[in-house]
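Letters are used for the chains, namely A, B and C, taken in the order the chains are written, and counting of residues starts over at 1 for each.
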Amino acid sequence: MSDVLDAYPQLLRGAWTTVQLTVYGSVLALVLALVFGLAGTARSAWVRAVGRVYVEFFRGMATLVLMYWFFYALPLVGFRFTPMAAAVLSLGLNIGAYGAEVVRGAVRAVPKAQYEATVALNFTPVQRMRRVILPQAVALMLPPFGNLVIELMKGSAVVSLITIGDLTFRAKQIQNATGETLWTYVAILLIYFVIAQALQSLVRLAERRVDRMLGRRAEAT
Amino acid sequence: MEWDWHYTGDILPDLLDGLRVTVTATLLGYVIAVLLGLVWTLLRRTPSAVVNQTVRWVTEFVRSTPLLVQLFFLYYVLPTWGITLGPLTAGVIGLGLHYSTYTAEVYRGGIDDVPRGQWEAAVALNLPRSRTWLDVILPQAIRRVVPTLGNYLIAMFKDSPLLLGINVAELLNTAYTTGTHTLRFLEPITLVGVLFVLVSVVSSVLVRRLERRSHATD
Amino acid sequence: MPPTEKKALPAGQAPGLKFEKVVKRFGANAVLRELDFAVAPGERVTLIGPSGSGKTTILRLLMTLERPDGGLIWIGDDTLWHRERGGKRVPANQKHLHEMRKQVGMVFQQFNLFPNMSVLRNLTEAPVRVLGLSRDEAVERATSLLDLVGLADKADAHPTRLSGGQQQRVAIARALAMQPKVLLLDEVTSALDPELVVGVQDLLRDIARESDLTLLCVTHEMRFARDISDRVLMFDQGQIVEQGPPDQIFNEPTEQRTRDFLQAVLAT
């Protein structure tokens, strides 16, 4: 067990890589989710179809298969990715597809009456979305987004299979170096658990914030 | 490098073999997930606070840590305790255990959705507790959650490539091995992608139909 | 009403309204069948009649929340859903609708305040973003309107913290902040607790009397209809059954359908 503890610099480096992957992947996923999710609520059937195709394709695709494709297959036709880029792209594209469904559902869940009030006040379509609909939809998006970030963090473990030095990759290294199979895996499972719990509390904090903004809970004055 | 249709034709039978392993692992894992999830849910409802809290933290732990690491744990750690599992067995158990923590949440939601009046009616009829569960609550709860459970079958299918991490000869692994022999990765991995999207999209259409039907009968 | 408060109200010549053979269908169900009717500039008209008779649809067509299936709707000298191009009448585009909507305001049954903004922000957002007022001008206008509706102390409150009656007062102020010439009131007291109804009705009656607004009102409250209108229109199945000054409609209705309706409403 002490061998594993001695390897803590490696564990920390691995954890840091995992956190970085989570952050980059989530940012990409968020952008894709907003773009394709809002496309899914568009008036034009063509724009909606684009959103649909993205969602169906990338929800149907396994992240690891996508990652292998970026990493092993595409270089053969001249597109070369660093392992990190391949990893962030495939994590972001996959979680972004789930996120797009969240965005679409949240926008549609804002009561129609709110939309009607924006028409009555003569807001332009962009203002309706930007000033009234989206701020309310964001409140509905937050809890599912939080879960998606945790899914992305867990999913990032597969990057170890394309030689990125994340937490899981370090575990295999430490296991090979020390022969301490049990404690190595106990240690990294615990680290993953702690990261997930930390993300979980961030989400809860954000939820409380938004609830207060929308007056859904008693104001702490 | 051009796409080679001849090569594509040559590797397709191998890949379909891999797909068979993938589907087998997914289905077996799903059986575990669906049954074990129900066990977790029922254990969370026992009066014993110790059982209740233990189950709560165990499932929370399994749910918030990566499946791949859990597979490594089953495959590399258990032998040190004298339990050696074959790759496929470890993979099936890992998939099933991991997703049982998700299905447990689904069942919980389904049971919470059964109207209070149903419980009260069962008490009024003086049904024993076991009868209440088996004849009244669970049938209603499970009918409600069937479509959601269907979505988890698709999710498990998409997570099954992780089994290559413990050397299961599933679809992606087969494609990768084929690629290393010929140094042509483009065709096999692209084919795997196409197969995954095909199976997932077709299954989610089926699940959506199931969803509509279960809404219609409500 | 003190003179400072009166200043908050929209002023200036209001346009008349005219429906010409207006048709509106929902699926196979024709709600309005070639409806004709007109409202004079500055006139205050109340629509009464059974549910589903198309009264609310008339307001929603005027607010561009529904699109007509036929006919013309005039606001002043301009058609709402059509514009001129090369001497021909073509369907309105977004720009034309935006221009036309500048004259119209609406108060909804369910208030429809924006929960993501404070009360003050509800009143200033559209004047700033749509009319291009400076933040200071908008706040000044909003403050005097909140004063008018008796909620000057609630500017920083959150809409969901207010009672239904207070929310509806804010919604009225919000509509007035856009300085419409035509105000549409869609069953504005139906969602309120009984004890709050009279306050909101009295407020609207005062506003109607003090301003030059053209007013179109749908209500099930006959006392309110009598108080607020110059003319009452009895609707049934998308057609006007009978119309006249409130006294005539409520005291000596000539049509059997009007008598039945009034009896049913007053019995409850």
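As a convention for this text, a contact is a pair of C-beta atoms (placed from the backbone, for glycine too) under 8 Å apart; a residue touches a chain by one contact, two chains touch by 3 or more.
Since we're looking at a predicted model, the values are computed, not measured.
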Given which chains touch which, is the overall layout a line, a ring, a star, complete, or other?
line
By C-beta contact count, A-B versus A-C, the higher one is A-B
What whole-Å value do you get for the distance between subunit B and subunit C if each is reduced to the mean of its CA atoms?
55
Please report how many Å separate the Cα centroid of subunit A from that of subunit C, as a whole number.
45
Counting only Cα atoms for the centres, state how far subunit A is from subunit B in Å.
21
Contacts with two or more other chains, residues of subunit C listed in rising order
none
In their complex, what parts of subunit C are in touch with subunit A?
63-65, 94, 98, 101-102, 104-106, 108, 110, 112-116, 125-126, 129-130, 158-161, 174-175, 178
In the complex, the residues of subunit B that touch subunit A are 1, 61, 64-70, 72-73, 76-77, 80, 158-162, 164-165, 172, 175-176, 179, 184-186, 189-190, 192-193, 196-201, 204
Could you please specify the touching residues of subunit A with respect to subunit C in the complex?
113-114, 116-117, 119-125, 127, 131-132, 135-136, 139, 213-216, 219
The answer for subunit A against subunit B in the complex is residues 56-57, 59-66, 68-69, 72-74, 76-77, 150, 154-158, 160-161, 168, 171-172, 175, 181-182, 185, 188-189, 192-193, 196-197, 200
